Every structure is written in C-alpha cells, then in structure tokens.
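Think of it as A, B, C, D and E in the order they're written, each chain with its own count starting at 1.
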Amino acid sequence: MSDDTKFHHGDTANDLAPIVQMKDIEKHFGNIIALAGVSFDVKPGECHCLLGDNGAGKSTFIKTMSGVHKPTKGEIYFEGKPLHFDTPRDAMEAGIATVFQDLAMIPLMSVTRNFFMGREPTKGKSLFKRFDVEQANDVCMEEMRKMGINLRGPDQAVGTLSGGERQTVAIARAVYFGAKILILDEPTSALGVRQTSNVLATIDRVRNQGIGVVFISHNVRHALAVGDRFTVLNRGKTLGTATRGEITPEELQDLMAGGQEMAQLEGSLGGTV
Amino acid sequence: MSDDTKFHHGDTANDLAPIVQMKDIEKHFGNIIALAGVSFDVKPGECHCLLGDNGAGKSTFIKTMSGVHKPTKGEIYFEGKPLHFDTPRDAMEAGIATVFQDLAMIPLMSVTRNFFMGREPTKGKSLFKRFDVEQANDVCMEEMRKMGINLRGPDQAVGTLSGGERQTVAIARAVYFGAKILILDEPTSALGVRQTSNVLATIDRVRNQGIGVVFISHNVRHALAVGDRFTVLNRGKTLGTATRGEITPEELQDLMAGGQEMAQLEGSLGGTV
Amino acid sequence: MSESAPVTADERVKSEPFLTKLMKRPELGAMAGVVLVFIFFAITADSSMFTLAGVMNFMTPAAQLGILAIGAALLMIGGEFDLSIGSMVAFSGLFFGVCVVTWQLPLIVAIPMTFVFAAMVGGINGNIVIRSGLPSFIVTLAFLFILRGLSLVGLKMATGGSTQLRGVRDVVENDWLAPFFSGEAFGGLFAWMAEVGIIDTFKNGAPKVPGIPVEILWFIVMALAATYVLLRTPAGNWIFASGGDKTAASNSGVPVNRVKVSLFMLTACCAALVAIITVMDAGSTDARRGFQKEFEAIIAAVIGGCLLTGGYGSAIGAFFGSIIFGMVVIGLTYTDFDQDWFQVFLGGMLLIAVLFNNAIRKRVTGER
Amino acid sequence: MSESAPVTADERVKSEPFLTKLMKRPELGAMAGVVLVFIFFAITADSSMFTLAGVMNFMTPAAQLGILAIGAALLMIGGEFDLSIGSMVAFSGLFFGVCVVTWQLPLIVAIPMTFVFAAMVGGINGNIVIRSGLPSFIVTLAFLFILRGLSLVGLKMATGGSTQLRGVRDVVENDWLAPFFSGEAFGGLFAWMAEVGIIDTFKNGAPKVPGIPVEILWFIVMALAATYVLLRTPAGNWIFASGGDKTAASNSGVPVNRVKVSLFMLTACCAALVAIITVMDAGSTDARRGFQKEFEAIIAAVIGGCLLTGGYGSAIGAFFGSIIFGMVVIGLTYTDFDQDWFQVFLGGMLLIAVLFNNAIRKRVTGER
Amino acid sequence: QEIVVVSHGQANDAFWNVVKNGVEQAGKDVGVNVEYRAPETFDMVAMSQLIDAAVNQEPDGLIVSIPDADALGPSIERAVAAGIPVISINSGAEVAKELGALLHVGQDEYDAGKAAGERLASMGGTNAICVNHEVGNVSLDLRCEGFAEGFGGKVTVLPTSNDPTEIESKVSAALSSDESVDTVMALGASSAGEPTVAAAKASGRDVNVASFDLSANFLQSIADGDAAFAIDQQQYLQGYLAVNFMGLHAKYGLMPGGDVPSGPNLVTQDKATQVIDLSSQGIR
C-alpha cells in the first residue's frame, strides 16, 4: 500500500470546478467499517474511474454519493455547496443518475415500466395527466437498440430478461436521465463484447457533452480505454488518484489487486486480466 | 452466421466419451423461443467454453443441463444413458455443480449456510445427527480464502456482501461440491483482478483432476486462457464448435458479437474488449 | 456509437393468439372463476338468483366488499397490508353516526369530516409502519384491536351504554346528499320499467328492484378509477414499484414512503365509504360492523390475483374476486344445501374457482 | 493456485459488545417485549398475577397458543402460511373425540391416529399449494372454511344433533397415556412443596397450584426442539432457504417441495396436539374450538420476529411472542381498567411491545 | 311449501344449533320444506342481504330474528310488502308488530338476563362478573345488561374470545384479582359456562355460577352442585313453533292470536339430570 510515485493527489486533467466533491467519507454498518475516510471528486466532462479489489468499498462509496446511504462521517459538496441527499430521489433531481451494481430493477415489472420508474413521461392536462405509455415504449425500445439489444417487446417482464439484457436496461435508463453526473457501478460485467463496446462508446459520448462520469470496473482495459482519472480504493481507504497517461496497465492492475500477488496461469493471459 | 472454416463439429481435443451430451435442445417460454436446437457435450478433463451475445440463450441452455428447466424438445445423455433431471438436486447428486448467473444465494442467510445449502455436513448419529456448524464455518472460510477473499466472519449475511464477495461464495461452493461437471455461468463478471486470476487458476486445476468444466464468459481473453473448446451460440442456435489453437481472438470475438459490427473507440481498446 | 439497428421482426417470437394475450393480464385471470361460479349456480340454484332482483341482491354485498377489496388490493400491490379496515368500518361508522345523530351535522359536513378522519387514522397507521420499519401486518393488527375497542367505547359513550347507535335514517332522510350514499339510483327509470312491464313486480305492483343500489355504482366507478390509476398514471407505476422491491424502487427515485402512506390513507377512506353507505342504509351502527371484513377484502384481492408479497395484481382482479366471493356467499342460500354444509361449500367453491382460474390461465398461456 | 493468505484479524471490524451480539439474534429480540409487558403488569396489575398460580394461569393459554405459533413460525420461515390451523384444532379434536368416545379406542391408538389424520390433511394442503403454485394463503383459507364446516357436520353426526361432543374425560381418565396429554405434571412435587410450605395452599391444605399444566411442558419442549432443528440441523437450513428464495434454494439443491409439504404436515400436527390436550382437559369438543387461532398464531410468530415474506424468524421468537400475547390478554383482567377498553389496551400493548422491541434492537445493534 | 328462516346466529353456535334442530323437526312434522340461513358472523348488514335474498325467492313464509330493527326493518317491510307472511323469533318482540310480523315467538334476551340476575341476587350475590364471549353481539350485550339490571349489585363485564382455555384463565384471573366476586354469569353454556365452572372450582372459593343456554356438561355441573342454574330459553320451541305456525298458515291459513313466550325456564339442580340427554342431542 505504498504511495506509488506515479500517483499524485489533487492534480486533475482540467481546471473546471468539480460537480461533486466528497471529503473524508466514512461509512460503518453496525460493527463493520466499510469506508474509513475516502475523498473523491468528479468534474464536468471527465470520466473518473473508481477501481479496487472486491469488497474495497466502491459500491458503498457511490451509494453515499447517490443518496442511498447516509455517510457516518464526512462531507459532500454539490456544485460547491454542502449538501446531503436524503433519498436517491433528491440526488436524481439534482442530476445524478446511477447504475447500481444490483441494477435496482423490479423483476415483475415490464421493461418500459422499469425504464421510466420514478420519472414517467406524461401527457394530458391536470386530472387527465397520464402515463404516456406509447411514447415510453418507443423511447425505451430505441434506447435499448442504441446499446445493441433488440428487445422482443417493451412489455416483457424484466425478471425474464437475460443477465446482459437486464444490465443494458439499467444502463440505458441512467444514460437517458443522466443530467450532470452519471455513475456506473460495474456496468459492463454481464455484457457481451458488442454491448460492452457500445457502453464504452456511450461513456465517451456523454463525457464529451460535459457530463461527469464515475465508472467502476474490474477490467483494467476498459478503465484505461475511457478513464481520465483513476482512483484506487483498498480496504475502505483510497490509495490515491492518477491521471491518464501517467500509469501503465500493469501498475494499475497491481494496485487494484491491493498489492497482493496474483496466481500465474500457464495459459496466455498476457499481462492484464 | 456463416460456418467459418476454422470451425468444425465433432472433432474434440481428446477421445474420452463425453460425460454429458445434449442433442438438439429446444426451450420455449410461452411464445418466446429461447433455444432453437442446440447440441453440446462435455468431456472429462476439458474446459468447454460457451460463448455468445447477450440473450443468445447461454444461461437457458446450462439451466436445462443442470435440471432447472425441462427442455421443450431434445435429448440429454449423462454418461451415455438418456436422462432427465427433474430437479436441480437430481443433477447435483449426479455430480453436476453449477454457478448460476444469478448466483442462487439467499440474501438473508449467512455465508456458511448458503455455502452448504442443500448439502450440509453433519456429525453425530441417528437422532443426534446435526449440522456440523463449526466444521462448515472452517471449510467455508478456507475455501473463500483460497479464492482470494478474506471474509470478516462466516455468519455475515450474504445480502450484505459486496457483489464480488457474493460471487466468490457461489464459485467456491460449486468448486467444493463439483464432482464430475462444473458449470460456471459468467463466474468472473463481478470479480476483481486477483480473484479472477484465482478462478481461472481454479478452473485449470479442476480440469486437471478430470472434471469437465463448462465456462460461460463474455471475456474473450478469459475464454482463451482456459478453454479447450469453444462453442458459440447466437439467437438460440449454435454457430459451431472450435478447438483451442484453431481460432484467433479476433475471430472469436467477431463470432461472439453475432457477426455484427462493433463501435470503434478512439481510445486504445487494442483489438479485443 | 453504433447506429441503431433496423427494427426487424424477431424470429424467436411465436405468434400469440389474442385469447392468450388477454389471459396474461392479471385483471382477466379472475374472470374464469366468475364464469365457473356462474355456471355452477345457474345449474344448482333457484332460478330467482339470476333475475334482476337476484343479481342486485348478490351484487350489493359484493360491492360493499369490493370497495374495501379494491383499496386492499392497491395497498397489497404497494407491498403492505391493512388489517384494520374491518375495524375502521365500525369506527368511521361510529364517527359518522355521531356526526349526524349526536351533533346533527348535515351530510355535506359529516361526510367530508368522516373521510378526513379516516384518512388521518390511515395516515397514522402508515407513518408508524414507515418510521418503525415494522411489518404493516403487526402495526395494523394493533389498530384492528384499538379501533374495534374504541368503537365499543365510543358507542357506549354516544348512546349511554348501548352497543348500537340508532336513528341515522331519520336524520339523513331528507338531506340532498343522501341519494349519493344510500338507497337505489335510477329509481324513476326502474319504476317506469316496472310499469311498462320490462322488469318484474311484486304482487302489490311495486317493482321488485327499485333501482341500482348506490354501492354497486361506487364499486364500478372505483374499480375503473383504480385500474386507470394503476395502468395509466405515474402513481400506478410507483405503486407497483414500491411493492415489487422497496429498495430498488427507492434507488430508482420512487418516493416509496409517500406512496405507501397515501395508500394507507386511501384504504382507510374506502373503509369510511363503506361505513357511510352501510350506516345510512341500515340506519344504525353497532360495535360488530365490518367484523372480519379485512380478511374478506384480502381474500377477494388474492382471488383476483394479487400477490401477498406485493408488486403484482390488479384492481379489476379484486373486482372479480369480490363478485366471486359475494356470489358464492349469497348464492349458496339460493340452493338447497343444508346450512350446516355452508362453510364446506364456501371453502370448496373458493378453492375450485381459484384452481380453475389458474388451470385455465396456465393452459392458455402455455406456462409450465 | 495462490496459497491461502494468512488468517489475520480484520482491521475493518469494530469489536462488538456481547449484548449487541445477543440482540442481533432474532430469537432474543422478542425478549425485550416480554420484559416490557412484565414491567407494565408488575406495576398496574393485581399482585396475584405474578404468584405461582397467576403465572400458571396466563401461561396455560399462552402455551396452547404457543404450540400452534411454533408450527406457524416454522411454516412462515419456510415461506408459507396455514390459515387452517384454527379449524384444524376443531377438526382433529372432533376426530380424536370420535376415536375415544364413539369408537372407544384407547389413547395409544387414538392419539397416533389423530396425528396421522392431521398430517394427512396438512399433506393435502401442502400438495395443493405445491402442485397448483397458488399462494398458500388462498388454499389454506379454503381449508379454513372446509374443515370448520366439516367439524360441524361431523359433530352433529357423531352426537345426533348437538354441536358439542362430550364424555371424553370419562373414557380417558384411567388411560395410562392420559397424564402426558392432560392435567398437571409433577403433582407429587407440588403437593410436597405445599406441605412444607414453599408454595401457597388453599384453606383446605391442597396446593393452590396442583402442578405444571402439561401444555406448558409441551410448549417448552417444542420451542427447544424447533430451535434445535432450525439452527443445528440440515432440515433447518432447508427451511430458511425454502422461505428465503424458493428458486435459489431449489437451484442449490434444496428439496423445496418436500420441505414445504413436511412443514404443512408439522403445522397440522401441532394443531392436533393442541386439540388433543384441550379436548382431554375440557372433556368435550365443540364446533367453535380453535376459532381464529390461526390468526393469533401468526400474530405471535410475527411479534416474535418472523417475516411474513418468509426466510427469517425463529421458534424462540414465537415462544416469546406467544407469552407476550398470552400475558397481555389475560393480564388485563388483573388490572383495574374498565373492561370496555380491553381491546384498546390489547392493541396498544401489542404495538408498544413490538415498537419497544424494535427500538431496543436498533439501538443496541447500531442499525440505522 | 317453502319456508325460509333467517337468523343472526351461525349454524355452529350451540344455541342456534338447537333452534335449527327445532326448525328441521317442525319442517318434517308439518311437511314443509324449510331452509335455515344465517350470516357468517354477527353482521346486520349481511343479515339484511340474506333476508333480501330470501324475499327474492318468494317463499310461502319467512321467519326472522330481529336483533336490530333499524338495520333489518326495511328488508322485513319489503317482505311484508311483497306479500310474504313473516314471523319473528328470539329477538325483536317490541318491534315485530310494527314491522308487519304476524307473531313473535321468543324470549327477550334482556328479560331473561333480568330474571337470572334477580335469581342470583336472591342467592346472596353482591359482586358479579358477566362473561361476554362475543363483545358487540347485541343479543349477548342485552343479556348482560338485563342481568345487571336484575342483579342490582356490582356487575363487571369480562370480554373474552370463544376459546375455552382463555375463558377459564380469564375467569380465574378475575376471581383472584377481586376477592369479593361471588357470582359469575356466563352468556353461553358450552363455550363460556363450562370453563367458568372449572375456573370457579379451581379458585377454591364459594362462587355462584350460572349460564344462559344449556350444554350437557354444564347441566352435569348443575346436577353436581358446582353451578347454580342455567337459563333455558327453550329455543327449540322458537324454531319448532315458528315453522309449525308458518306451515299451518301456509296450508290452512291458521295463525295463533298473540305472541308466544318460549321462556325463560330456569334449570336447577333438581331438573338438570333429566335434560342432559336431550341437551347432548341438541334439543335443549
């Protein structure tokens, strides 16, 4: 857990003020300390990768950012002002969209209903204001197609989708509603190669629109392909932040493994897993 | 969906009789055709990779193999004899252990209880035969450590584990109980680099013990690292089977994407995703 | 960014007959049960059961139950229970009775007061459930006892010792709002129809059916409204989501707590509506009103396809479920069965109706 | 393959006081409620409530309820409901009564027959639930009605028209098995204790408490056995798994259907045990035995921490839940409250007990 | 001929079972077809709907109990308007004529309670418990009220469920928490009366126990001297006579000139043994 020289704190790729800044976040679950003081920020138009071993606290950390957990200690600044999100809805209304690792989908509900859950498009006025199902269906099918999935129909229950199809719904939803910050917790884990490359391309596109992206992944190659900055967590603490180009894949991979040695295969894994 | 010349059917890496042979399996869900005739076999001591796009039917296929789904049509031969598994328990007792994509874990139950669910070790005799909790705890912690996860305690509820920790429990369990065939449905999707390399090493190890492994992955590199044969599914049909060494990563990746073009990134994804 | 692929028909979808599509809707599953029960009684029951009067007769209790069941169904879809609705019927009936009899308030004041009062109690229920995180089963169970007890105490105070409060009919009779909550609607129409002989009359010439009991109209309106809300409004989506998975819904931005508390208030208001209707119809209220209605309402909702675990069901299902229940309970009295066997038949019919439902649905949709 | 890393203490775990560890167990959550209720009655109730006689007095109904509640709790943990247990008490009571009175069978035959019979009915229940895939709520509800109705019909047939079958006491009095299922245990011990003055006596010298009612012993034994099964046997693991997630459990190799059917049979046997005990104690059985007991049993299980959705709970929790319920129901008669307020207090006490439970648990375990 | 009986008591209630037995016997004796109906619980709204259902079938006679004249009145009036002869039984003597019933056969619950209260007071009782196993059932409430009126001394209502064990425990509790209680009145013999006797016996005190209605075991207790008496409404008569009258009315247009009181009849120690058998057959 040495402070690798290639790592340096605070120096960022651009000089814009961060949208969200998290300072010394701690989070305890009963007697378990999941986060022991993590600082982190996201700037507009950058993709900030959050990396780390299993159980390092990545998901817990982004959940405090999106209003699911209240931090035990630490401060959150949103566009410079201290802020606490009481519910995920607050965070969402502030412009933060998240793909959670568990996807936050309701298996019994249809794809469209899941896609628009909490933010249904309406038509008609006052008492006749109603859920615009046709438009919702169209939008949903179209967004899924953009990600490389041709759904059979917008009314298929999410519970009967394949793992990757389901994950794509969650990603498409977050991208569609992501206003200022898009948080993606291992978005590509269940995706096929084509869908993965679409997601990476999508990250690139939204970043260029000035949205800040937080990208969690275990895949070094994916992280390096789209990331501008890389923060590595280890056992609830941050190991530091590196900027793109400053660090080689092998170094990053070592850091992500928490400094521990990896098993060697006779097969040709060729450096990075 | 062309029959690539590098692909050829029936020619396998070794000449042993297959443990499980599936012929022309079809599976319909109501009006949805998930599998439209897939043939597949696994031999002792080989790692047979099942690849394919999202929604291709991989999970559905291995679920028919492990007794979760009954095939709508088609035959299953186990060690040469036609066989139908009525429940997953039957398949398990025949020696098939599976890591399902959704992991098949009970969030409210502890790690140990999940680990041994359905196959609890006992001590004592007749009426005093009881669940040997101490031994179970020890085994469970030890197996998890072998995979690179140090659990805080064996009585933590699985629902409070991180995504990767949870997946590791499922893998460790299947490896521990896998007798003749080990089926792994995207086992490494949520794993860190260290855990991933451990799992790949584990696959290698059990293969060398003569166990047949079915490995589903979207990661071409992982598949090539451990796979002996590669079967690609596309839209419920098989595109054919290739043997290791006969096919390049790029060809395999193209097949997995269902022949469709992939998005290009300015970033350095370097060939394979 | 890949261009969106062309929209092509999927070769992996078999074409599906219209009937199958229909039966897949939870709303319509319960219809098979209604048909079965109808056929059963068409064969076994006295022919008077399916005369106009007979239909009104079994639809009245079905409607009263149904108003509760629709509320209960929405709440169940939203993932919670309310066991206090039966007691709530007694309690808001008492409140309403006291308003009109003791305080002599006109209906235009008494009825809104009763609804506000019921909604408040429902809100308390809901808030305790949300704040404490306890299962709603146990919280509303406590209110089952508390409200039932308070009804008894209140009745005794209001009447000076009796458990029956009487005289409601006399005071509301001439109120202009009364026809909306009691008696029969379209009385003129029915009288005319009787005159010209379209409908049956008693020996004395009065029409056998003086009109459509208002509760039936309320019942239908509520079923339609609830279905509309569930299927065609954002609120409906939130209800399904809250019941399906609280955490996932809340993480996706659904205001789960607000949805749940509103549903508790709605359910209580349904109970108040039934209380107002029955108190005005009966002209009295007593400490046992609504006894076990919570139970029957949940039964009707479950027959209609609601899952106890939440997140799935429909208001139309509860509508048909109530009709099944009402038809069986009243229908058995039109048959020649000995009353001793009543419960056996009731249970048997319910079981057969739901099994039949289920079997038909599975067969039609090809589920395993 | 990496060598297993050395086992080191995890720096990310705070040390945890013993009390916290204790309170985290669902078994013990309900204890706080018992303590609270105890304190409440220690202050408000007549002192005779906590004499030996008083304790036996409220423990007897608590034990009868508890035997049902433990069965219901296991079934709920396994993810199903049985609403027919109350009716099952009446029905197996009738069966048992007919065995001993009409057929004059000795207990050694009659009791096993009753259990087998109950298990069969439970098995039917379970099989319908499993085969049809319908919610157990609705299936066992049908059986609630059916069994209740059959009890009435059966009683009238057995007695020639009455709803009460009597004369059980006379025929079983001298059976050697009777002391295991009726009356009080340890009579000799208590008589001796009375003699030497350890316990109170009546004026005539007989001990006020002639012994420990057998149902209390059964209750304790069953709570221990059920806890042992749940926590220390494979079957227990299967029960938790079946209730936690049916599909996941079955995919992991748990014989879910077998587990569930067995639980239905067990629950029915619990009802049969209560039936045998109460019929022998009362010497008679009637058509209303066990009325609403299914409801109370579920209440007790939920107070004791069982989740209605299954997969979580404990037998010891149901044990304490039954005691809370029994203590509140009986205890209120020892107080000076106007008995009209009975239900209000009952509901209020239940609510406070569970809220208190919950608050204590959260505070101790530091949950948010 | 078709006669329908609609009462507020369920078929599995011991009291109403006897009424129903009377109804059936009369049906056989007079040669008419009778049907007995009752709501699932004490529920006036449901009962009025059952009366409506009966009216729809236009029977040759309707027999009803009237525990709540307000709630049932319109339905009964509708029956009368439809030309169906109506006889009321059990409760509602005071309103029967007004609603258009031809006749009332029964014993007013309040009066029966009053008679019991007077009797127990005369046995020296000063402090009594009234065990109510169905709070809110108006006819049981009336029994308690009448009892309080006739008894004169202190009367506490003890609400319980239907469960014998709970009743026994509660009566025990009530006895031990107030040493001055000397009288216990149960409102139903089989469900409440028998456990009350057991509790009184276990208390070791001298407590007068009485109960409404009969059950074989309770009668045995009276015979053994453990209980004082039971109040017999002779409800078999309510069912039997009403159907009989109605049958004769339907056949020959006959109808007695006035109400028929079916009780009360106190069953005390001397008479108890004679009726045990009848009671265990559901006739008394």
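Criterion: a residue touches a chain if its C-beta (ideal position, glycine included) is under 8 Å from a C-beta of that chain, and two chains touch if they have at least 3 such contacts.
It should be emphasised that the depicted structure is a prediction, and the values quoted were computed from it without experimental measurement.
Common neighbours of chain D and chain E under the contact definition above: C.
Note on connectivity: the fewest chain-to-chain touch steps from chain C to chain E number 1. More inter-chain C-beta contacts link the pair B-D than the other of B-C and B-D.
Most remote chain with respect to chain D, judged by CA-atom centres, is A. Separating the centre of chain A from that of chain B, both taken as means of CA atoms, is a distance of 27 Å. Centroids of chain C and chain D (each the mean of its C-alpha atoms) stand 33 Å apart. Chain B and chain D have Cα centroids lying 44 Å from one another. Note on chain placement: the centre of chain A and the centre of chain D lie 49 Å apart, centres being C-alpha means. Across the assembly, chain D contributes residues 1-2, 5, 12-13, 148, 152, 156, 340, 342-343 that each touch 2 or more other chains. Across the assembly, chain E contributes residues 11, 135 that each touch 2 or more other chains.
Counting partners per residue, chain B has 32, 102, 148, 152, 198, 201, 260, 262-263 as the residues that reach two or more other chains.
Each chain pair that touches appears in this list: A-B, A-C, A-D, B-C, B-D, C-D, C-E, D-E. Within the complex, the chain C residues that touch chain A are 1-2, 4-5, 7-8, 10, 12-13, 228, 231-234, 236-238, 240-241, 244-245, 247-255, 311-312. Contact residues of chain A toward chain D in the complex are 28, 30-34, 36, 70, 235-236, 260-263. Taken together, the chain C residues at the contact with chain D in this complex read 81, 128, 132-135, 137-139, 141-150, 152-153, 156, 298-299, 302-303, 307-309, 340-348, 350-351, 354-355, 358-359.
Residues 1-2, 5, 11-16, 20, 365-368 of chain D are the ones touching chain A in the complex. By the touch rule above, chain A contacts chain B in their complex via residues 29, 32, 52-56, 58-60, 101-102, 148-149, 152, 160-165, 168, 186, 189-198, 200-201, 204, 218-222, 224-226, 253, 256-258, 260, 262-270, 272-273.
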